[in-house]
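Below, subunit A partners subunit B and then partners subunit C, in two separate complexes.
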Partner chain A sequence: MNTPNINMSGIDLPGIKTATLPWLSWPQTLKLLLMEAKSDLLTLWRSPGFVAPSLIFPVMFYLLFGVFLTKGGQSDYLLVTYCCFGVMGPALFNFGVNVATEKSQGWLTMKQIAPAPVSAYLFGKMVSSLLFALVIVLLLFVCAALFGDVRLYTSQWLGLAGLVLVGTLPFCLFGLWLGLTLSAKAAPAVVNLIYLPLAFLGGLWLPIHILPGFMQQFAQLLPSFHFGQLALSVIGRDLAQPWWQHLLALIVFTLLFAVLASRAFRQNRSV
Partner chain B sequence: MVSKPWIIGLGSALALAVFFSLLPTPMDPKKPDTATTSTNTADPASFVLGPVQLFDGEAWQGQRYLEVRQGRINQISASPIKNELPQIDGEGMSLLPGLIDAHVHTYNDALELAPQYGVTTVLDMFMSAQLMKPLQAGRDETPNQQRADLYSAGTLVTAPKGHGTEYGMPIPTIETPEQANAFVAARIAEGSDFIKIVYESAKAPRKHFPSIDEATLTAVIKAAQQQGKLAVVHISDQQSALEAVRAGAHGLVHGFIESRVQQKLLDLMKAQNVFIIPTLAVHEAMSVRQHNAKYVLNRDDLKLRANQRHNLKQGFTQFNIPPALFDNLLYNTRVMHQHGIRILAGTDAPNPGTAHGISLPLEMLLLQQAGLSLDEVLKSATSVPASSFGIQQAGLLKVGAKADLLLVGNVKNDLTALFSPHKIWKNGVQIKPLISAAASTVSAGLLADFVQSRKTVQGLGISASSDSMMQGQSSANMSWIAEGYQSTGAIRVDGAIKPGFSYPWSGLTYLPGKSMEQGADLSAFSQVSFAIRGTPGSYQLQLFSAGSMLPVVADFTVSHEWQVVTMPLSQFAGAELSAISMLLWSAPANAPQPEYFLELDEIKIN
Partner chain C sequence: MTTPYINIRNLTKKFAQHPVLNQLDLTINAGEIVAILGENGAGKTTLLNLMLGLMPADSGEIQLFGQPASALQQSMALRANIGVMLQQASLPGNLTVLEHLELFSCYYPNPRPLPELIQSCGLSDIVQQRFASLSGGQKQAVLFALAIIGKPVLLFLDEPTVGLDVAARQAFWQQIRQAKADGISVVLTTHYLEEADQLASRILVLKNGHFIADGSPAQLKAFGLTRQICCCTRLSQTLISSWPEVQRVAQLEGQPAAQLDTPKNAASGQQLQIHSRQPEQTLRRLLALDEQLADLTVSGVSLEQAFLQLTQAQEHSA
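The block that comes next holds the complex of A and B.
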């Protein structure tokens, strides 16, 4: 049996056609999506190896570098960058590592041949990643307000949260591509090897302008740099580069990873 | 009926709304964290400045507020920045990036004088490579320093006996293209930030010094390029400029004055994106010689050091350049600018007619006179030199840049506001005015009579001096003799003056002050006199102002018999009498006989 509803041509994402499933009514579609999200969330919740690091690391690093070591001088700047760092984690790991694992367990094949659209499965992952991202952001906000003495306008708090959540999209797609390409054994190591340097070199751990000049040049090539700068523009602490360049770069990365992921997806299905 | 997911959804939304409404906003007071507050207020390099009219190095940005933390710009905002840092008002003032002087030579107090007039970065075009290394330190960080950052060519590239070798400092020279790679590599190993080459075409209308040939020039530029450094060329005429640009130079560090620029050179410079530092001020001092007097020397409110005043009064009189030729340089600068060639402000300080710091605003006024708009003049001393020389740290005020700041009155209408800067910060720390140690006072009458020994009545003393200390060939030996003029005791010098050093000297130096650096204040006196005899002929008395190496010279004659020479101090026009560091009795460079002796006694001032 096949899944006739998914248009895999071009760069269209699996998931885009979800709303027009011919044999499901609207409430049924919604229920299906909720079920997928709930089950994926449950899977994540039951793997403490995922929950603990993705929640604790950004908070711990922020408190350490953003609040205590720098005595609060940069606590607003680093709040933004550690938010970016934090939300990239669930996106890369839930898609990268978990898809690779589920692929090796045959679960992905199962999803691909099941009557329910595979897009719902990806949607579920997206929702659970976003929920984790949201929790991380909220935790960081609490730390920033209580310990970092950060004061932002409500519009900035909301804007920042909204922007970093939407900004996880390219990293979800990046993770998906990695998950589809990597073996279950290799995935955790490789994703870590990508995640941490991406964060550091993109200026998410330390302010980009204190890195040496050549590293600042190099950062231009990284999605994490543009993500961080775009988020920093919410509090007016980005570099002189206009914000739309960062947005453009992120859109290009999103499209690139979408193409790569959809190719890998087709290859996986044809196996 | 409301379903369970709806309840969860609504409940979460409500919880989020409550959460976000509880987050603190700037209206909430900061918690009194004593540790944070005290470290920040104790840090002199952290403050908030505004409102100011901001020129960021490229354009006017309107009214802005700046937050500086630990010597760097942390935030630039259109609205007031309220936090625990000290607030500095700048209402009605202009804020510029610390200026960049794109052509200086660094010795003595150059780097301390520069920031007094907002010059927080200098590009040195030739200095001692040994002195350069320690002075380059710290420019990538924000140390608390009361001096300008230095980027330097170090040792220049020149031919044996070429321009650059005449200062008495032994430097390596180059003769053939084959030596180019190793020569450039050696400069880079010494720490040169860029490569400066001295070149004069074989077809140049007027030859000053021996020069490397065109093939060597091309090879050196290529070697610099391959080794990742900028190659800039010193030229003084159009033909040499053309050949230098043809050889691939990235920039020319002087303009030329002898002719008007031709289309051929303009097109080539434009096509190869070559910049030029026209150094108008030093050329003005060679020819017209009015600019410094008009804007600076007639003003009493400018706190200039003795050596700055002294230098600004000098000119290259020996070249006898007709004043009209300076119009060529203004014309060349304007036409190059109109062709889109980058113009950089540079002074060539401390050459005659220029002084560190103050000469950059003077140069900027001349650039405006040449036809650059005011904004373009400001760019020529900030962002343009920074980008041309690849300096990331200076010339542009943006978040993350060093807080090198120049706060001046409304410079938008009038560049002369630069002569009286309001406040200057280097690495976020305010530049304090240099307090010149007061010159020693001298009482009228006897300075020295050598009755019993070489000891002088006033001042530090007398000694023999010659250019042998600068690797020259002259010599001088001093002794005390019993037989003097009228009373016992005099000083005798036996010496020889020989070519070798560019400015040969041999004779006796007397230091009238308590130290060489401060000098003595002779401004209350009208004449100096001394008794002298020796080898007959014409001799010179040279007066040096504190901190300056450029003497003011007057002649006198000597015979076999004792005679008292009285010289009015007005003969030494251009000397800074309020701080005279040294008097030098010297045989003239063109003496018919190299060997001479002099006996000197009863030096008086009245």
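The block that comes next holds the complex of A and C.
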């Protein structure tokens, strides 16, 4: 088994596709990526248990705490943090719960045996998670402008939307690691147990500065806190900490989850 | 000489110190339809997973198309040579059959045209249905279509008809015969003797970590016709084994005569197990020679017993 180099020379096998054969052409690769994204999006869209909570909860919580029950002046602050909370949902659930399910179905193994690139599968999941995140952000923007009287510069609206969408990356990888590690049965409960405390303790439900001091200290350890603070810096409502520290923290979390996920993937393959 | 499609030497795989596969050898050539028969837990699925490079072997060598099985992971093109139906694999239930076929066909540079595939796999009526709404047989038909969508030369089918009713099983067999007619080689695991008999050109029986038999269905059938006669008789083992149709005589252990109900039996001799190719002939002889013959039962020889005989016969003749 110590021949890592694939060498088909000297082997007489008519009709066998060899390792040196060029694989998919560029148009075929593009079509594959689109099909993976379309398939994952259809799967998600046809799961009421995913669509309803991920779209309704952020909007409902924002209207409740950020618009109707607030004493003014918090609608813009909470718009930003509920955007962060909202986009974390599809990232954690589509990767966490759905990867765990597809792994236990044998669907992932089928793709691993077929010449299906893992990167295309992950790309498809990423696209569908981002599209859901975009819908959530737009719904929250409309609610904020109509009911919360939030007025921002165009550059702030665009900057906020772009930042929270890009900021889903560490949470996608976090979800992927959980999905590859957890069983299909355990995944929904565990992801909820992580998602909701992560949002609350990271200051995404209530402003971080009204939480007790020790909780503010603890929040420094959470990716959700740095995500929220970085997004708040777009409208100038972040704490005094320099923005690049939050960015650095998010990059470190991204790398950490990427390493954990790829290790889990390799272990999954050789079970 | 043509390189075999599969070449396995001295393969050993242990789970928790217990060897599931032990020093196993196997060569499969182009054009063969091989059935691997074995009871549940005999290691059939483990063997298949090892051949597909899904798990590492503890020792030994596995080659596919002259390449180590691990090369499959590195090369898309090598993987396109094989099609696989995993045991109990399932697809996301809320995509339609057509959506699944369309996605899978994107994995190959030169896939089978979908209309032709749908036609030949009998999926025309269900292409718009969601996978979750299909019956067991329909699901297996879709998974089979996915296995051959990339024009493989070698198919791995892991217990493809478990849980199917008779009609669905026969429809599935027709698909495998079609694949065979298209020149595809097949490695099939099953615990149905009939399935192996119907489809395979070669049958291997896996037991205790290695193959205890390797023969054609014709050889298998010869032993499948054997019947087992059990009785309590005064006739000697030597006499009975001298009859030409009798293959094997053994004294049944663990049943001392004293435990039998009637005192007559206790006096009348020993409990024997006789394997006969012509059970009627053997019975006629037994009844003619022993008026006190008792506790008579006649049953089919289990596949395992038949193959044990087959291997013993081969060992003796060698």
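Note that in this section the second predicted complex is superposed on the first by the 247 of 271 C-alpha atoms of A that agree within 3 Å, B and C clash if a C-alpha of one lies under 4 Å from a C-alpha of the other, contacts with A are read in each partner's own complex, and residues count from 1 in each chain.
Throughout what follows, a contact is a pair of C-beta atoms (placed from the backbone, for glycine too) under 8 Å apart; a residue touches a chain by one contact, two chains touch by 3 or more.
Just so it is clear, the structure is predicted and the values come from calculations on it, not from any experiment.
Residue contacts after overlaying the shared chain place A:102 against subunit C, while subunit B stays out of touching range. Put subunit B and subunit C next to each other and count what each touches on subunit A; the higher total goes to C. Contacts of A:165 after superposition: neither subunit B nor subunit C is touched. Legend: residue contacts after superposition of the two complexes on their common chain; A:42 is shown touching subunit C, with no touch to subunit B. Contacts of A:238 after superposition on the shared chain: subunit B is touched, whereas subunit C is not. By the touch criterion defined above, A:154 reaches subunit B but does not reach subunit C.
In the superposed model, A:28 makes contact with subunit C only, not with subunit B. Looking at the shared chain after the overlay, A:186 reaches neither subunit B nor subunit C.
Once the two complexes are laid over each other on the shared chain, residue contacts for A:116 go to subunit C alone; subunit B is not touched. Once both structures are placed on chain A, no subunit A residue is touched by subunit B and, in the other complex, by subunit C. For subunit A in complex with subunit C, the residues that touch the partner chain are 1, 3-4, 6, 8, 11-13, 15-21, 23-25, 28, 31-32, 35-36, 39, 42-43, 46-47, 102, 105-107, 109-110, 112-117, 269-271. The touching residues of subunit B, when paired with subunit A in their complex, are 5, 19-21, 23-28, 30-31, 33, 35-36, 39-40, 69-70, 72, 74-75, 77, 392, 396, 398-400. Interface residues of subunit C facing subunit A in the complex, by the touch rule stated above, are 1-3, 5, 30, 52, 54-57, 61, 65-68, 70-82, 84, 86, 88-92, 94-95, 99, 102-104, 106-109, 130, 146, 150, 153. Of all residues in subunit A, those touching subunit B in their complex are 34, 71-73, 138, 141, 145, 149-154, 157-158, 161, 207-210, 213, 236-240.
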